[in-house]
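In the two complexes below, chain A is the common chain; its partner is chain B in one and chain C in the other.
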Partner chain A sequence: MHPDLSFDQAPPVSVPYRFFLTAPWFGVAAGLLLVIQGGDALVSRWTPQALMLTHLLTVGFMLQAMVGALFQFIPVAAGGNVWQANRLASLVHPVLAVAAVLLVLAFPSSTPALFHAAAGLFAIALGSYGLIVGIALWRTPAQGATILTLRVALFGLMVTATLGVVLAIGLGLQKSLDLFEWTNVHAAWGLGGWALMLIAGVSYFVVPMFQLTPKYPAWLTRTLPWAMLAVLCLWSSQLIGDGFVWLRGRIWLMGLLVATTWGVVTLRLQFRRRRKVPDITLTFFRGGMLSLVALFISALLFEVNPNWGTHPRADVWLGVLILQGVFVSVINGMLYKIMPFLNWLHLQRLCGLTVVPPNMKKMIPDVSMFWQMRLHFSALALMLCSVVWPILTRPAGALFALSCAWMGVNLLIGVKSYRQFKVQILASGAGSES
Partner chain B sequence: MPQNMCALIFPKNSMTLTQPLNNHHKHCDELFATTEEAAGRRNWTLCAKNFDRFHQEMEAHFSTEEQVLFPAFESATGITAGPSRMMRFEHTQMRELFEQMAAALRAQDGDEFAGVAETLLILMQQHNMKEENMLYPMCDRSLGAHPPDVEGSLRKRLQEVEQTCPV
Partner chain C sequence: MSRVIDGRDLQPPEPLELTLAALDTLPDGEELKLLLYCQPHPLYQILKRNGYVWRDEMHPDGTNEIHIRKA
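Presenting the complex of A and B:
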């Protein structure tokens, strides 16, 4: 560790907040798309509408929230210094948002220009982000499971982005790529290599911290990133030949087993938590982990019973569980903890030691977060039902859009609280803008 | 403090100089959880008792660091404007939150208490993480030749809180 490390390298609050405030509205767009398209959208994972939905959630909702969170997390938890964080965020945030919109618009029309523009913008945004955040993660003197897992996550993001750009260029040129295989590998690196590794790395830090649980066992934290990398490499072998076709089902289940092991350990730790008060983030996290377990059980049943597994809607069922069930739940819950704390931390710095800022629970009303959480899980349940009964697709989409909009409004309330308290502190003469 | 807790904070074969402080963090987490739980149940008598204990032990911890560990670290390394200064600043922040918790407790204001407790928990955990992962290892490395009596100091202060940990 550098001896002069001051622990005070956190970026301005505007750096993560611009991402957090944007993310929910991609979720709203996904819900509204379902309302417009109805049951036809979820006939299979390959319809243009399903691809639009998937990317609204992955490169819209998830990527915005995760990229923003990593800006904050690296300096605070990993002691890393993201070079020119403010400028980087000013580039990455709008470029990612525009790229996501262009990509989503490209699917129904198959317009080459849209695919190419999206690919170029993703390459610029994620290339610069990967380079600068990668340097911060590699140069940090801190060590341990979180750092290793975050490094693997960033590597996963880079592989996902590269495959995605190749796919987008291929689609734009109408080239005959092995679309099925390339998409499978791209999705696996995105969900398993990037998204899951990121929330696992963060969970090693925040689950014991927020809920006073025992630490994650070393056997899990040391093994998880390498196990996931091994599975992803095996899975990627389908790009170079058909040698492992007969093994694909097993490799897929192995990947899910790795992920579910982390989920079950998390649930077990949460069960043993010392902090017994109700907590919204905890409930969101538990919902996410239970979705992961349900995902594994579903995949196992689909593998055992090919009549179910080969049904086009089987993939949609799995997709709803992993995207809405696991990732949207966990991200939603984490944002409700991160934003109030960052508000407090930055207001506290503004105050110095003369005035005490309002506590965390005064940033976003608890009751509003609680009811949004109920709406989120109701939307998830209805969305799963709509996979079986397509007539429910429109109400499920409407509930999901409403839930995401409510999340967006709650986060805006958080920002408004920050601004109000900041004005009050400055007016009182206690603080000084730095 | 029960004898078995003494054994947890001060194991017979402490691996490092700062191990007792590390162990005491976990003990304070426990005290925090019981205080917060009592407030959640609006059992203000129990909450007051638990809070007093928690507050006193945290103060014993802070003063051991501020009066024994940090000066030794600063004198051995010459670094006075680095991590130890930041840790002192965060101690002050936490002391402010203790005052707010005490006020909410006196007013028996459950919502205010829960809000301050939530804020304190995250600040405290983040602070502990920085100490355990960064500052304590630095202290263990730099103070090897002339170790201050961290264990004795913490033990003495905890003994003042409750006379159960023999020096």
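Presenting the complex of A and C:
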């Protein structure tokens, strides 16, 4: 049995949709940046262009989509009540978008004012979001592995934001922080503590429910958040001294092993699904999980063979697999399921029993999502090739920008369908606006 | 006699769509049986709003057997 969905406290669709509609355009910006900069952008993870790209994807694409999804997920799946969700979204959405743009612009110019402004805005947006969503997650009567995983995810977001704000302030003041260590810890909490925990927590619902798989095994759902927290705490010890330098490679691999375990279990569940019908979200998810496995194997090979591992482009290879391979794939796939489903549920609420709402498949054309998915995976393959052959960076960036723009257009079509059907239902006299 | 909808291997919201279509033609006094692997809260809210009553029974394999009729 998969967990239950409740719909009593769901916020209006405009709350999550504003985030969903913004996210892809940060991906477009990342692709265009690669088109402009070419192969030089990816010579190492430390170039200003690579830092811009990373943050366009993390605090632009990923953060927008994930913050928006949590607004919807907490009331619907976790039974939590997000206080003043509409007002909070109206604050958090624009402030996060502006903060992301300022931060991205700060890297090439190293302008202190831009770093400070971005840090201040992130502190306001994520501080208020963390407080209110944290209270909702704390007070919810619901229990279980998903709630625990979401709490760990939110804690991970807060740690990431705190470290990020300190880094941005330090960069702005040009203080000599241990930049390498602080960035490593910041990135690990962001990717492992926040992003991975969030998609894992959401997957406990979405995968069994929509992909008709058996439920996730209890040993995994109970262990995953604690194992990830333990690894992240060990990894963070590099901030207080060099005592564990010799262990860093192993801690990093342990973290990846924890993440990959979830990925392999997800692949196994998908293999055992009860009804083997083609599904775009499922394929996106599979692509994401296979990228996770490829990431673990790559990291293992880099650890075993230091000649490969110490090459500056090795980190870029891992970065492409993590960001574009795992997170963009999974988020892209989830949005294609979440948006039509929310459209349908909200329209159904409007219809009552007298009128049947339009089929969920009519919200975004299948063929358009299918070809965008092919473009996404082609862009991923080309981006990985461009790490080895930098001449391919511009076409890879162009494909990625095109794929994200197409995703953005598909999501806009989803919103347009919702509005059209809503007008039709209201015009038929069947529904009443609540 | 009751009509049965087995929604266990259907993707949401298909079970809900089939149930609502079946309720449209459900005669008074007859029961609709719905089989799912979950508690369909959105359906319960619709039933509550539209004058239906239901009882559910959980089986060891995780199947939730829901019996719906007009109040």
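Structural remarks
In this section, the second predicted complex is superposed on the first by the 427 of 434 C-alpha atoms of A that agree within 3 Å, B and C clash if a C-alpha of one lies under 4 Å from a C-alpha of the other, contacts with A are read in each partner's own complex, and residues count from 1 in each chain.
Keep this in mind: contacts are C-beta pairs under 8 Å (C-beta built on N, C-alpha and C of every residue); 3 or more make two chains touch, one makes a residue touch a chain.
Bear in mind that the values here come from a model prediction, so they are computed numbers and not experimental data.
Contacts of A:77 after superposition: chain B is touched, whereas chain C is not reached.
Touched residues of chain A, counted separately for chain B and chain C, are more numerous for B.
Of the two partner chains placed by superposition, A:248 touches none, neither chain B nor chain C. Of the two partner chains placed by the overlay, only chain B lies in contact with A:142; chain C stays clear of it.
When the shared chain is aligned, chain B comes close enough to touch A:362, but chain C does not.
In the superposition on chain A, contact is made by A:276 with chain B only, not with chain C. Applying the stated touch rule to the two superposed structures, the overlap between the chain B and chain C interfaces on chain A comprises residues 1, 3-8, 208-210, 212, 274-275, 277, 341, 344-345, 348, 353, 356, 359-360. On the side of chain B, the complex with chain A involves touching residues 29-30, 32-33, 36-37, 40, 77, 79, 81-83, 86, 92-93, 96-97, 100, 111-112, 114-116, 118-119, 121-123, 125-126, 129-130, 133-134, 137-138.
Here chain A touches chain C in the complex through residues 1-8, 208-210, 212, 274-275, 277, 279, 341, 344-345, 348, 352-353, 356, 359-360, going by the rule given at the top.
By the touch rule above, chain A contacts chain B in their complex via residues 1, 3-8, 76-77, 79, 142, 144, 205, 208-210, 212, 274-278, 337, 341, 344-345, 348, 353, 356, 359-362. Note for the complex: chain C touches chain A at residues 8-13, 16-17, 20-21, 23-24, 37-42, 45-46, 49-50, 62-64.
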